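Structures follow.
Two complexes, one shared chain (chain A), two partners (chain B, chain C).
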Partner chain A sequence: MGTALSRWTMAYFTAALVFLMAAQTMMAMGYGYPTVAVEAPETLVLVHTVTIGWLSLLMCGALLQFVPVLVAKPLQSEKLVLPALLCLLSGLVCLLAGFLHLAGAIETDLPLLPAAATLLPAGFLLVVIVVARTLWNVRPARLPLPARFVAIGLACLAVTFAIGALFALVLSGLLPLDLRTEGLSIHIAAGVGGWLTFTAIGVSYRLLPMFMLAPDEERAASRAVWRCGILALLCFAAAPLERLAGGFGIFGPAAAVLALAALYFYGLDLVFLYRNRKRRKLELNMKAAIGAFVAFFACGLLLPVAALTGTLEMYSGAVFYLAAFGWLTGLGLSQLYKIVPFLTWLECFGAVMGRKPTPRVQDLVAERRARLWFALYFTGVAIGTGALACAVPGLFRLASAMTLVAIGAIIVELVVSRRLLNLPERDSLPEGASRPRLFLPSAR
Partner chain B sequence: MTTGNETLADAVERALTMVIDPELGESVIDLGLIYEITVEDGVAYVEMTTTTRGCPATAYLKEAVQSAAWSVPGIHYAEVKLTYEPSWSPGMMKDAARSRLHLA
Partner chain C sequence: MTLPPYDLDVRPILREGGEPFSVIMGAVEALAPGQSLRLLATFKPIPLFHVMGARGFDASAREIGNGDWEVIFTPAGLEAEETPKPSEPAKSGDDWPEPELEVDARELDPPEPMTRTLAAVESLPVGRTMSALLPREPLFLFEELKRRGHEWRGAFEPAGHYRIVIRAAEAQKGTS
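Then we have the complex of A and B:
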């Protein structure tokens, strides 16, 4: 159906993993929050290394490969994918260097933040064009539900980088505005809630049935997630405007209630998919994903409890950490553990399929070993969340060291799978099979 | 279709057991991905599907089925048609493959 391998997805994944390791190293060394304040430039370095460097690059790479699967149409404007990556990488380097300059760590007269405010939106815009054009290609048919989640995710990404660019200009002194209160909440809600979470939910609706052989028809609960989720995002966006206009303050609570409703329906869907799967024996990626889903629902429980008890400010760091590392990173790492070997298999053996005997995708991985690393990772995240909630920075650094080791080991497992090192016949591949490069696309 | 052609269709089916779905590790025949095989005048016509619509392996699978069918002595050409009517479901798998995959 015209879909194939996305040439640069592995490069996006590799860059994302490098930034994830960098962020984990910073946390283990006590750089940024909780050692310094949430709004300190050091924390901005850490947060954007995680949200742009790791999570957004991961999501972009995954969408470039899986949006064609969602809509059964080939990727459009593929030539923009590499320029997008280069813009994102150079923009992120400028942004992080700009924050380091604000922190007094580097001395420079270069306009780093204005450069970031140009390069990052340019990179994201190119990704949006590629993905949106691919979705648009479905016309006149209606977009399948998972693809509609992605479309909303893209719109939220646009809002996030537009406000982010304004912030960069404000921080560099070029724009005399104070966006900190109202703009910041939209920036975070659109970025973490809309772009990262909404898109992840959409993609999960396709990946879960695919990997577990579960029913993949559109369900009423999924449509309820979609509707409640959109309304929640709209209310989140309206809440700061309402505050500025001196309204009654109903949009904030309404957004929270709607987000909880969406979470509840998503929970129903997940239980349905896991219970009704045909594949009784779960592979590691689907077992590890359960840890991510548990973290997601824990965030959903913690947020209203903190809001109702007036302790939101105290616990927001812990909840943000749990959302970023338990939910989004947990889901990302667990699915990378399946996707990377799958893409590797296709690159290596796709051309000889049907002509020569080939191994299975599962032969490229060693789940028994990797199971330990995922267990270590989620244990570290649980301890880290507790340490932030109880304000014990030393324990948080220890937990971050645990997750750093676990992620390092999972990356080694991914490299082992890409290098085919788990295959007994790795040194004598069938004629016509091509050994994949580590992260660059195979020569055409 | 003649008796000779029926034998050729059987031979094509045997050849397709070489084509393994990489994700599930079972042959396209055992998975029930091959809906129809007919042979007329030495040309094999295969109608097939994939477990997931739009799967990145689709083009590779289709090509692999064509190449395996074409490799059968007596087959001069193989034509493969991809269809999602009806869409594949695990119920289409052969019992042996279902039990190997621990399917419910």
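Then we have the complex of A and C:
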């Protein structure tokens, strides 16, 4: 479909899902935290498989498809998209292998971490160029609010991979610095809070009204989320500098309060959008997304409680897990369940639309079956969070096995919809319809 | 005509809350020259009369009980589809004729607004126009219109929706 369908988005999604399955398998087998320490190389393997392999590739693929929709402009420099994917994949393999080397699992003299410190920033930079140029194209008009969230997300991504590259050089002994305490907190906050969460919120402001037929105008609460969120990020970035300068330590708590305020306003927006939707019957993607939003707000409650009671150290693993798997993965999987069939439908029937009878998008999915998988997934995440909070590694492995099965089944559902297997007329498509490939761009 | 009418019952689709427009247009595509279409629906499909009228079909409708309707679309003349009426005098430099049908897709889920709009465009004779009210700027639709060679003009309306007027180009069968 020319420029309206991003050619490589499905390849990004496929790679992301492969890494998600890999991470879930590690967790179910007891690899990394909580079996070993948070800062152990094994945990670094697991965490980066999740954050770069799954969440960042998913987010990049989604942005390449949806930023043009957010700003009503075609994607710029589309030819950089495939090189970006190749850099990201090879960089991530180097990074994971480098961590495995640190863990003593592999013997090699290859400069794996320096290679990762080159390839990953290169890949992310290419994605940033493509998306930022597309956003830039809106001038002189003002960016719509969801796109402004994405712009901040991109800036945070740049901070995250820049610090990450420094870490890789420090760990390989090329840089004689100790960044662990201050650098690490910014790396995590910019990555999970700025890049992944801020961008997800921005995209949700467009996807939710679209899929629920809810009012699409810019609301005061959304602007409050935007302002509080940015201030929270700035305060968070200022906190380590303040510590170095020996200040009063005001920026850390200020960041937390502002982040909570942003979360509160986001909650108001979500309730408004769900209440004022014109589509009465919710589709599965919007029902499953509620699980993700609940997890997001649970994180927002648990973090301050843990901080105030001085138990942050003890519960940070559980909160991080809930943010990564309840909120970000929950939202990602639930929206993939709508986006993949939708893009498949457009790819397949776009050419004959209006000329021949076409099935509905919903005919490509079997929600009754998939509902079970999403229920299993969120149950697993809830048990996993509890297991981490109560420090029961055996139960955590069991919960991870549940989420592994659920994700595997959801992936099968996505493949089934891409292969049109739920369509009764799959063997007699109307003339002119084109059968989509699993994840490579179609010839059309 | 010696051919029996083509029967199409869209009542099951309507009762399930589905959208039969594309099915109907598919049936129209499948009609033999001179063949009529006998349609069964759960209401009197007045918007369809315009669409079918533009394609050169006369409509006769009768209620058949339970609130259901039977409509028979008969081809009015074979040349009707190919000869557009002379367009109306240009209004303030505008050489496009007034839209002859309007699709209101403001409250439909994607991709239904796009499907309905394209179905309506494909039902138009060359050079005629139709308009559609859409929930947002239709980026995917633009792409498909470009591909099919139709021209369009569009803008956001004060109420927040997007109004597009499309002029039908020569039909391009199959994929482009």
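Simple rule for what comes next: the second predicted complex is superposed on the first by the 440 of 444 C-alpha atoms of A that agree within 3 Å, B and C clash if a C-alpha of one lies under 4 Å from a C-alpha of the other, contacts with A are read in each partner's own complex, and residues count from 1 in each chain.
Going forward, contacts are C-beta pairs under 8 Å (C-beta built on N, C-alpha and C of every residue); 3 or more make two chains touch, one makes a residue touch a chain.
Note that the structure is a prediction, hence the values are computed from the model and not measured.
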Chain B and chain C placed together on chain A: clash or fit? clash
> With the two structures laid over each other on chain A, which partner does A:A72 touch: chain B (first), chain C (second), both, or neither?
Replying inline: both
Of the partners chain B and chain C, which touch A:A4 in the superposed model: first, second, both, neither? both
Ask   = Between chain B (first) and chain C (second), which, if any, makes contact with A:E431: first, second, both or neither?
value = second
Original post:
First (chain B), second (chain C), both or neither: which does A:R371 touch?
Top reply: neither
Margin query: By the touch definition at the top of the document, which applies to A:R277: first (chain B), second (chain C), both, or neither?
Written below: first
Next item on the list: Scan A:L213 for contacts with chain B and chain C and give back first, second, both or neither.
Entry: both
* Asked: With the two structures laid over each other on chain A, which partner does A:R223 touch: chain B (first), chain C (second), both, or neither?
  -> neither
Chain B and chain C footprints on chain A meet at residues 1-4, 68-69, 72, 210, 213, 278-279, 342, 345-346, 350-351, 353-355, 357-358, 360-361
Within the complex, chain C is touched by chain A residues 1-4, 68-69, 72, 210-211, 213, 216-217, 278-279, 342, 345-346, 350-358, 360-361, 430-432, 434, 444
The answer for chain C against chain A in the complex is residues 18-19, 22-23, 25-27, 29, 107-111, 114-122, 135-137, 139-140, 142-144, 146-147, 160, 174-176
Residue positions on chain A within touch of chain B in the complex are 1-5, 65, 68-73, 210, 213, 277-281, 342-343, 345-346, 349-351, 353-355, 357-358, 360-362
Interface with chain A, chain B side, in the complex: residues 16, 18-20, 22-25, 51-61, 63-68, 71, 82, 90, 101-104
